[in-house]
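Shared between the two complexes below is subunit A, which has subunit B as its partner in the first and subunit C in the second.
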Partner chain A sequence: MAQPKEVIKEKSMVLQKEMLAKQFHDLSTAKESGKKVVYTFVPGNLTELILSFDMLPVYPEINALQSGMRKKSASYIKDAEKMGFSEDVCTYVKCDIGMMLNGNIGPTGEKLPDPDLLLLSYTGCFTFMKWFENLERLYPGVPVAMLHTPYQEDGQITDDQVQYMVKQLKEEVIPKMEQVSGKKYNHDRLSKMMENSARSEDLLVNVLESAKRVPTPIDAYFAGVYYIGPIFTAFRGTEEAVEYYSELWNEVQQRIQLGLGPITPEGELKEEKFRLVMEGPPNWTNFREFWKIFYDMGAVIVASSYTKVGGVYDLGFRHEPDKPLESLSKYCMGCYTNMNLPQRVGMLEQYVKEYKADGFLINSIKSCNSFSAGQLMIMREIEQRTGVPVGFIESDLVDPRYFSYANIKNRLESYFQMLEQRKIILAQEGTTV
Partner chain B sequence: MSKYYLGVDLGSTTSKAVIINEKDEIIGRGITNTRANYAVAADITKDEAIYNARFSVLKKKLEAEMQAKPEYRKYINDLENVFQYEQFKVRLDKLGDELLKTCRTYFKDEETQNLMIGHLRNIRKAFKPKIKHEYLYNNLGAKSQFFRDIVSEKYNEEVGKLDMSLFEPLMTVWDKSISPAENERVQFDFKELVEKAMDELKKKYKDLPDTAADSSVNFDAEMNLLRGNFDQVSNTLSHHIDEIAELEFNISNMTGTGYGRALLPFPQECIRSEILCHAFGAHAVFPETRTVLDIGGQDTKAIQVDKYGLVTSFQMNDRCAAGCGRYLGYIADEMSISLNELGPMAMEAKKDVTICSTCTVFAGAELRELTNLGEKREDILGGLHKAIIMRAMSLIARSGGVFNEFTFTGGVARNPAVIKYLTELVRENYGNDIKINIHTDSIFMGALGGAMFARRNIKADLPSAKKSKAPVE
Partner chain C sequence: MKHFDDILSYCEKAAFDLNFTLAKNWKKEKQDRVLVGYLPIYVPREIIHAANGLPVGIMGAGDRKQIIKGDAYYQSYICHLPRGIIEMALDTNLNDFDGFLFPAICDCIRNLSGMFKLSRKGKFQRYFDYPQNFDPAIGGAFYSQEMEKVMDDIYRINGIKVTNEKLNYAIKLYNRNRKLIEEIYRIRQEFPWRLSAVETYHILRAGITMPVEEHNEILSQVVEAISEERGEPMDNIRVVVTGSFCEQPPIGLIKSIEMAGCYIVDDDFMQGSRWILGDIQDDTNEPLKALTDAYINQSTFASAYYDVGNPKGKRLVELVRSRNGDGVIFCAASFCDPALLDRPMMQKECDEAGIPHINFQFHENTGQFKVIKEQAGTFSDSIKLWV
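On to the complex of A and B.
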């Protein structure tokens, strides 16, 4: 393979890098600064609430994906398997456990602090519960708070469900946070943060929806995972997040004005050949190689479900300053993987149509049940409802053993040729019929 | 001048080439085993397709005469067989040279060298007439057997007759020689070779015994017609044969596909995914096809196509190639029988033995265990064939099921037991009304699809190749 060129970065990417560096530095010095540390998850996260107690969040699945991108996951997974974790266990879990076994060194090379609170704020993924059971054993004596998130079985969030969650927040989560942080719950501070959240969410939606333009100024999957970074993790509700999203939206607007295509690590995508909607998380161990296959084919992802795992803002949800706990509850229940399958199909169908996609592609992840369950049904439904060609590839989150470059490239090449051939032949048919 | 189009399908086990005319009719087929050197495999299969195409053109030209005079048909078919034998002879000489070369370098002392060379000469002397007989009297040329397989079978047979101590050195010499011999493309002069074949045929017919009764060869009515009449037939046809020998085969466009497509010496825009080619080929032959199953050497593909033969979705086996052609190859090796015998033997199965198909290597272990438990070979083989189809059924289900007509392609489609279980299971799962198509050319479908893309000049029009001029919807 050719030597990778120097990666081209947008200004907002530099900004994000600085934010993350500061975040991990703050974490590495948390014990000295006396800040309490909460381990929690991205989907249905209670970031504003954690921050309102002046505590610092750590997201194990973000650490796992970072380890995957830094080529460290293979040895972490191996160590977890040595400990007895089966080959079939979610590789995020094994990568995270392996990282802890190896001194818990984070993506910036600084050590991550041990948790003061284990906050399981989302139960839509069953593995999360098992993951935290393991963390509880690894960090004996650390308090655990669990928030049960009802699944949207009937395709809607009811008042009862909201009240059920608010009750848990008031009786289980907040008291534990008060106990760990030594601070009282501050409604006004939380409300103020939610204003920032809603502002960032508006800006993020602008960015993501810019991909409705033909050609699109952004890639909503490979670049999208960077765009969702701050809002899905430690920064939602902060001034920094608002600043980041303002900068990002400015950049995207400039790109639109100049008629520029999406930025990729290989350079700007000059010719948009195929517009795709993507379902499923990306592979992290070979992220750039994976992206390059698309770039080389002139394919761009205009919408994706993965960029909704930490909140489906484009369907209208915003954090509400006047009802912070209710709104956090609705947020938790509204995440993509907490939506039932008909809702997911409906959303993806809408994406294919509104984003004028040429195709629908699924990256099925070996170790992720939350995503993989129902994907074949989703694929068939999308094919029937929209008529676009559908494709299916398989890889894994952070286990490099399950990323077969040759197989994936072969399937994607076939898929893109299929789209291309369809365009040409249908165009010929159109002229002769 | 007529225009011709070439499709080359470089599979993991076999390489196929198809030449079509301007009406999408197949006029030439070539097939060889895929070897380490892809370019050579592609060239050999392409050369074969061109030779075959010359014979096709000849037959087409003489269609009316052949109808009226069966002896013409007999002569031309015989000629094609002997022509194959002439090619075989040249390749055998190359192999002979390689074997001698290996002997001289591999064995250090002269005495052993001479001993081995002596044995090699005897082996060759023993099997060459047998193979010649197969070509001349038993249509070996029409059986699509590869040089390597034909020779290795006979070589092993002869080595088996010798002292056990010679087995290892002679097999080592074989292993070291066959690949270099195979990886060299031999350029034949069609005219020269066809003339040699005509001479050989002359001898064959001159030597024919007078009456059917005292003959060891199979007699048929056509051969009877040729006897005594041979010179006349040969003379009448010879100028037609000269004509096709001199015919210039202008390949206007070509497409490369298959597992090894990226390694074909073709321009980038002529390389196309085998999924599209198989679907396009199968759809061209059976236009009502909406679902295509292709079982190749190392992958199985379930493909859905629309009324234009365009792929709408596909599913392929991932991570594991159990249940593909190679699985059968492995099982044949484990049972020490040839791949061609597997299917017919499995057809004899009297009961269903359940065999797990998750892993090819484990299937070998399971096979031994079942044999140990007293299960009959044919029943085990029946179970193995069913296991392959069970896996294929799961892929078909993943791709959306079976719609309208169902077409089965790929090398495995030649296996009668595979067809039996596939038909059973497709009907069981998708109803008795499903029409199942299996064409005698099923192994060539990918190459055919490729040639058809070439004729339509539909390029693999991706940004990495050329820019598209076609309007976008």
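On to the complex of A and C.
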């Protein structure tokens, strides 16, 4: 039994590794191959549109998180602080700027190309706007295309908002893409890509929702950001993405059939003790250690909000081939960070209930206002609405100064003890009823 | 005219009345009046006025209220302003307000709008989105829609439809308000000793707590008073203080800068009241369009406003030059991403223009100003040595 499990597990991961290596290689040779490069962001990304012009996207947040994982972020952040950036501000920005000041070397050790277009779509975070104002000065003369995504202030996406975004796409974004790429906008090509997107999205949702099973075959946070989600952003709309997610879904189905738990870096989780819903981004500088605290205690994350910053497909959204621009607009507006607080609470409440979670946990990021401001209220609301114990820990995305292993471990251990006790009480109540 | 000192103390009291007595009394006088609180920085107050509303600026609790409950809503690494506002919302300070507007300036204010929604404070809680596309047909149309939503919110409360006539009238009143404020700054630029920065701050901040008609009266009396000699000129340097103020500086901070030998010849403390530069057309058949055009073409520079094409660093340098300033004091709220992320770019522009600068960070309830005073003093001395 153990043999095929290893093989199955590796296939999607190997596929992912190859895809990412190729992507960074393509980027490092972009200038020679004549490909144009677009810097843009993950939430509300226009990947299909960029790819439809044969351009290559670069996501600065991904570079920042990769720098965090490769232990480079501390010195990058310091370099940005030397330039005058305050200790208080978003460390993703500082890490990215530091990386650029140090030669813009990407995660594979190859240099990332300078941008030919800065595509500023700042879905759900103001810091993105500031980030790009800074990039604009680091790369003077590079055209900037701004796509303003209205916030879901009323908890819904209105026709007026869609029209506003479509107008921006038609009159601001697409003309700039045409100008930079030297190609004409190709509606049919974009539609075709959206078919692929929708297929990948169906598959991704299958994978994510498999965590509703008890025990779950996947970890929807650590594994979610580690190997389930990353392909989505840069490859959505491609045949490769469909292939990757088909493979992944097959693997998950097999795990279900075999009754296997989620994959962790040290093999599969043997016993699922606690099922949690997680809010907030992870820490990248100590990702493995952080994850280990959970799987050592038999805790698994069954649903998370962070894996929805690139789209909330499990609530029903799919890219629509018939109306590509409208659907891109709705996609941008629908991302988790662009949902208002009552919507976010509603979604998390639904997760706790539907994924049969034992607890709700927040990892609050010191430098990320977009997530952190309001989290304590979210926590209270979830506690009131669901009755599950809530937990709160603090760290940072890429600044190792704010990751205190001992502190986090202590807090989590007490939290898991609390969950344990509650389980016992509930079991006793169950027997007396 | 009332005695000038009385005007000043009236303004000081109004500026820091966290119970908003003037506004609440105004509301009580007639049934269809509504109170709309707005958070920093800017909202087009004209549309509220035209709908029989009083726009009231809620600039935080500053150092005037003890924060007990608010801290339980915010982590230590989030700026101070929203916790003071939550404290006021949980106490009685914001009772009688009909609705709240949260301008799109940062993620904290944005999420605060959600917190108000979740706690159902007021009859409406609206996040007021600014377009970051400045094409009148695209971003402009969006901005008009945002304004219409606010007018609808108020209509649902008092049934009052905004007419062109009412809107033009409101524009006229606010044009006068802005003009008088700028006149005060113009006089102060020439004779900074006639009205201190602290007094100026009180006068401006009082304005967002009372009807514009009353504030206009006060402002004209101030202009009249400072058109004549008052106070004594001192051997001070002339600085521009900038921090894209959303969270407001404690008065002690402004005082410390002044006491350290600096005339503050311009600042962006109350930038919402000075957001639109120049007049807005007040005699058109499309006043909403006039407001939109003004937002698109006549906005000041600020962290909340995407600046590609018109960089704020350059605009700051122009401002310093036009005020004949000797230097800049950057003064941003701690943990304020928008202001702090702007700072390096703006400092660079100052360096290139040869304008000296220093910087501080503050909390609205900072109580210690010794370091700030010393730094500002050294700054002032060093400039005097060079000049």
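Rule of thumb we're sticking to: the second predicted complex is superposed on the first by the 410 of 433 C-alpha atoms of A that agree within 3 Å, B and C clash if a C-alpha of one lies under 4 Å from a C-alpha of the other, contacts with A are read in each partner's own complex, and residues count from 1 in each chain.
Just so we're on the same page, a residue touches a chain if its C-beta (ideal position, glycine included) is under 8 Å from a C-beta of that chain, and two chains touch if they have at least 3 such contacts.
This one's a predicted model, so the numbers in the text were calculated from it and none came from an experiment.
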Would you sort A:A145 into first (subunit B), second (subunit C), both or neither based on which partner it touches?
-> neither
Partner chain in contact with A:I218 - subunit B first, subunit C second, else both or neither = neither
Between subunit B and subunit C, more extensive residue contact with subunit A | C
Answer with first, second, both or neither: which of subunit B and subunit C does A:C335 touch in the superposed model?
-> neither
First (subunit B), second (subunit C), both or neither touched by A:F126 = second
Who does A:R137 touch here: subunit B (first), subunit C (second), both, or neither?
-> second
State whether A:R411 touches subunit B only (first), subunit C only (second), both chains, or neither.
-> first
Where does A:L376 make contact in the superposed view: on subunit B (first), on subunit C (second), on both, or on neither?
-> both
Once the shared chain is lined up, is A:I424 touching subunit B (first), subunit C (second), both, or neither of them?
-> first
Pick one for A:E394: touches subunit B only (first), subunit C only (second), both, or neither.
-> both
Jot down the residues of subunit A that show up as touching in both complexes, subunit B in one and subunit C in the other.
-> 376, 394
List of subunit B residues in touch with subunit A within their complex = 272-276, 308, 310-316, 318-319, 398, 400, 458, 460-464, 467-468, 470-473
Spell out the residues on subunit A that touch subunit C in their complex, using ranges where they run on.
-> 83-86, 88-90, 93, 122, 125-127, 129-131, 133-134, 136-137, 144, 146, 148, 150-151, 153, 160, 164, 167-168, 171-172, 340-342, 344-345, 364, 366-367, 369-370, 372-377, 381, 394
Residue ranges of subunit A touching subunit B (in the complex, touch as defined) | 271, 273, 296-298, 376, 379-380, 383, 389-392, 394, 402, 404, 407, 410-411, 413-414, 416-418, 420-430
Listed in rising order, the residues of subunit C that touch subunit A in the complex are 72-75, 77-78, 82, 104-108, 110-115, 117-118, 126-127, 129, 131-133, 135, 137-139, 141-142, 145, 303-304, 306-308, 332, 334-338, 340-345, 347-348, 361
